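Shown below is the structure under consideration.
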Amino acid sequence: MLTSERPFVRVRRKLREAKNTISSEDKQLSILENEMISLHELKESILSAFGQTADLIMEQVRIAEEEGILFYLNSTIDKSQLQQTLMNKHTNQPNSSLDLKTVEGIQDFCEQMFGGSGYKLTQTAEEAINELLDGSFVIASKNFPLIISIGMPNTNLRQVAEPTSQTVIRGPKDSFVEASSINLSLIRRRIRNSNLRFEEFSIGSETKTKVYIGYMNEIANEKIVEEVRKRLNKINVSAIFESGNIEELLVDKTLTVFPLAFNTERPDTVAGELMEGKICIVVDGTPFALLVPVVFTDFFISSEDYYHHYMISSFLRVIRYISFMIVLIVPSAYVGILTYHPELVPTYLLINIMAQREGVPFPAVVEVLIMEFTFEILREAGIRMPRAVGQTVSIVGALVIGQAAAEAGLISNIMVIIVAITATANFVAPVYSLSAATRILRLILIPIAGFLGLYGVLLGLVVMVAHLASLRSFGVPYLAPIAPLNMKDQKDVFIRFPYWGLRRRPSYLRTAEPIKQEKSDLNTPPDMQGRNGG
Amino acid sequence: MEKENLSLTQLLALEFIFLLGSAIIMGVGTELRQNSWIAIAIATVLGTGIMYLFYTLNELLPNHNLFEIMEYGFTRPVAIFISVFYIIYFLYISSRLNRDFVELIATAILPLTPIEVISLTVMLVIIYIVYLGVEVLARVSEIFFPYLLGFIFLLIVFLFASGRIKLQNAQPMLGDGFMPVIKGIFPGLITFPFGELIVFTVILSSVTHLKKAKKVVLLGVVMAGFSLTFATVIMLMSLGADTMEFSIFPLLSAARKISIANFIERTDALVVFIMLLGILVKSSLFFYAGLKGLEYIFRIPYRDFTFPIGMTVACFTVWVSANFAEHEEEGLVFVTRYLHPPMQFGIPFLLLGIILWKTKKRQKANKKSTAV
Amino acid sequence: MKKKVLCFLLSLQLLFLTGCWDQRELAAVSMAIGMAVDVGENGLYKITVEAINPAELNDQTASGNAPSVVFTLEGNTMSEIAHKMNIGFSKSLIFSHMKTVIISKEIAEKGMLQFIDFLERNREIRDDFNFIMVDEGKAADVLKVLYTIQKSSSLKLTRQMSTGSKLWGSDPDIRLTDFVNALTATGREPVMATVHISGNPKKGASMDNLKKSELDAIVEIDSLAMFRDEKFVGTLPIEQTRDYLWTQNKIKMTIVSVPCGNENYMALRIIHSRTKVKGDIQNGKPHIKLSIRAEGYINGNFCGPYPLNESSSYLMYEKKVEDYLKEQIGKMIHKVQKEYGVDIFGFGETVERQNPKKYKKYKENWDEAFQQAQIDIETDIKIRRAGLTSKGALLRKK
């Protein structure tokens, strides 16, 4: 693979690797004297790299009484900031005691002029090009031994708003945005702890997308963090645009419908899971962050479980698990029982169902499959349609169509109810990845029920459980803490203990610090005697 | 070959489902009528002794499964010779268990479906699970363990709620004295289901904390035996001794009587699920044991054998008997009297004796060497 | 690896190449809800099956037609007839929801109950149907009489029987296993509820029957039929049916009308009842002791000016009821002993349970021993309350 890489790419990769391990201070100190590049060479390299691209701006400027060229990419720079900095440059006359032809002189100059603006001193054309791409402007002058680049990336993207996919009733309503710097700040704000570490990766050979991993240094298991680093570095694709791309490259096993990494738009979820000992992966360009390692029960947890009273949260958790079972079992059991085992239905219910199915021309399997596919089509259409129209073509619309089909005699009324219940139950899962998985599983179980009845459904469920039991996410068994069973972890799986009871971190994450909080004394009402009565 | 790990809860769940497995559906000791549950209770006590024997085999040589223990006790050629018998034994029992299950489905649920299809589908699931490893099997049984308990409990509660339990049906107890009970236990109840625990000698080598496992393993036998006793009592009280004796699937017949508020009735599906689970775990364990034997002889990872041997077992499920009567007779006469005793007790006793003797010899030799 | 996958997929294919064997579309089956067995002319049995027309039982889809279709066929084994039924019916029948099986008196007298083996053995037929006898005429006629609310005859009968056994004790709630267990046991003989069609059965078979307030024909619970093994020996009228149920500990609620002279009666509504039976053999004769303990409240009192707010009145009434019950139940058991000589009470089973060794001697001919049995009845009635007034209006008038 290395032989087909262009030399440019090889250099960039070395640069990327070097960047990860060396901090910016060290970089400045390792500059070698005899690798200076001339202004002309720099200009040529930049022009050849960028070609005729419309957003590359080159301006002649004077800096510190010297002629120089200012390069920047129009599309990456925050224009207003740029003007301010340049204005400052003109008003602040440089200290002429500095000799700008030496490296130390340049460094002093930059410290004076641009100190605190995030400046860098580079030597090579490749580094300069990288800086341009990262949203910096580059100033080079004939007599300067180094190239100055100052970062002012354009963060004028979408503002922090409400999350679109994982909404809550009570809880913070900010969600991640596309700019990773804002995302990292949303996390950092919640965990004001120096142990929260972020590490930067540049993934995607062509797109060089910035990917950050975040973890709590003294909590997360070092081996898992190392594994994440290893896998990220192993990624060798040309383009990364979304965390979903990374997810498929990162997980232990792709031959499964179940998601092996948790994705979320909510910074409070990420912060909470980081405190539990998980590792988050933030990808620049998408508001969805990944959390690894993940277990199956994580997909039934919504962050507002921790904000509401624990009784209602426990109840809702149980409802979510029941909905999961409903989605899988109800349509296939309906098909299986009605086609193969009419003796399992109570008599009066069966009479009712028979009355409704009298004129229906299709066998139950076909009926269910038709309705399921119709629902899926309508649901997809409802998502893609423009906002104004989208609401009508939703589950309600599907129900109306179902009703019309029932009255036309194509399907029975019971069928509409079943499909509606299934469809609604499907969306109870807080994370979309799991509801997508259950949709597929449901569609697989229905033909199995059509062949072998209830027996087939039972077999299918056993196969599903066996498959789940064999999955691992970064080495953690997917069905922990249910199998292998760990009683200590049960406080947050099916029910949620009150906050004072959640003292331990999940043991399957093998965190460095398993105990979160000390045993707390519960509050007792204050002694009111002796005041106004007694 | 990677080390597979079983936790203690998984071991308990495996054992429980294994013992209940087919026994609870086919009914053990039903020919003893009102004394059946007494016989089962006594057999449970004996069963703990049997399990202790098998556990000791594994304790003396940790990390050795049955075949490796035989190699230590006898020699490799002799061990290979005996292993062949054990492999055939395990796979044969596995196909008999599948046949039990297939008969239940064919009798009660899907009468027209050819048994080849049922056999094939069940075997495919077993192959998949064993291919994924005994860890996965253990996790699956761990997950389904509460459901199994829950369903049995539900059945009992429903039976009570339907008013079908008549305490008088349990009388007279020991009406004919103790002799019939003794006759029922030897060799019937001892070999099925408790003697089949020999399979665990192949698995105990994978348990993480073997020392702690002693309590767990015996607890499993006690729990399962108790549940079986209780279930038999309930069946007796709801069906009556006559019906229970001549009923082929007594739990199913009992479950059919449940009728509450005209709504909770026809709960056959619960029984089928219990049986499915029990058979899956039991048959998978026997299958796995057979494959481990093949692995021992040929030194090829057992996963490679899963599919071909599995298909063979699926075929034998069908070929093993021509009709149900033959299947029953074979089970009651041939298997119980001539097949189980030597394989479950004869050879293991011999093995235990040899190993104890060898261990003593080694200890003496150690003493001698230290003394010198 | 590829070979393995290929083999696996091929084996899966085998499943799909063949068809779905057990598949029965709901639209292709008809639910058989009741069966009637008569003596056949050209065969051993004449079986009538009532199959539901489900559309008629659902108010939205009902169009005023008959709720079920009834068809008769003759043959030698019930199995053969059951599967030949589509000589008349359009769809195949499923028997798993059958609610009643009715036999005619003729069948019972001749003891032609071989068809029970089919009912026991078949996996479809469950245990939840009522086993009934009709006291005269053809069993098939019972299936034809329509009724307003449930419409179909069998549905009405099931509901009727379960209400009857709960409310007053008119139905012994005999299911197939109960009958079979009684049949095979040495210490018990089977019983069965009997129904009677009052009115004109022919008119009862039409939907016009339902358009009137007084139905042309209605199926009533009539009496209790007693058997010696499979042969019918006699019936007990309905009041004695209730007394019979008392010995079986099957009374849930009932009303006892106790006479207190001069055509005055008191009604006691029993709400809890428990009967314990002790059986023993002494001096060659069985000794059976029945202890009945019941609780109830006064539901109608015209026995005299005894004020019901005094506990002495309660005690007096309790004594009256106890004596009355002792007398009635004793009379009934005596009648069965002397006139019919069949142990329908299961006293033999009780002796077997409690004294198995003594019972062994009498096992073969228990019915004879039963006829000589000495029965002791002990009743303990507790009256808890008396409704809303302590002295009824008629007793208050001056």
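Residue numbering begins at 1 within each chain, and the chains themselves are lettered A, B and C in the order written.
Operating definition for what follows: contacts are C-beta pairs under 8 Å (C-beta built on N, C-alpha and C of every residue); 3 or more make two chains touch, one makes a residue touch a chain.
In this text, all values refer to a predicted model and were calculated from it rather than measured experimentally.
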Query - Centre-most chain, if every chain is reduced to its averaged C-alpha atoms - result: B
Report summary line: The chain pair with the larger count of contacting C-beta pairs, comparing A-B against A-C, is A-B
Query raised in the report: How many Å are there between the centre of chain B and the centre of chain C, using C-alpha atoms for each centre?
Result: 42
Query - Gap in Å, rounded to a whole number, between the CA centres of chain B and chain A - result: 47
Requested in this report: Let me have the rounded angstrom distance from the C-alpha centre of chain A over to the C-alpha centre of chain C, please.
Outcome: 67
Query raised in the report: In chain B, which residues are in touch with two or more of the other chains?
Result: 110, 113, 117, 121, 265-266
Query raised in the report: In chain A, which residues are in touch with two or more of the other chains?
Result: 340, 343, 347, 452-453
Query raised in the report: Of all the residues in chain C, which ones touch at least 2 other chains?
Result: 15, 22, 126
Query - Interface residues, chain C side, partner chain A - complex - result: 15-16, 20, 22-27, 29, 31, 33, 52, 54-55, 57-58, 61, 94, 96-97, 99, 124, 126
Report task. State the interface residues of chain B toward chain A in the complex, per the touch definition above. Result -> 7, 9-10, 105, 109-110, 113, 117-118, 121-122, 125, 128-129, 132-133, 135-140, 142-144, 262-263, 265-266, 268-269, 272-273, 276-277, 280
Query - List of chain A residues in touch with chain C within their complex - result: 338-340, 342-343, 347, 350-358, 360, 363-364, 450-453
**Report entry** chain B - residues contacting chain C, complex
**Finding:** 107-108, 110-114, 117, 120-121, 124, 168, 171-172, 175, 239-240, 242-243, 256-257, 259, 265-266, 307, 311
Query raised in the report: Which of the residues in chain A end up touching chain B in this complex?
Result: 340-341, 343-348, 452-456, 458-459, 462-463, 465-467, 469-470, 477, 479, 482-485
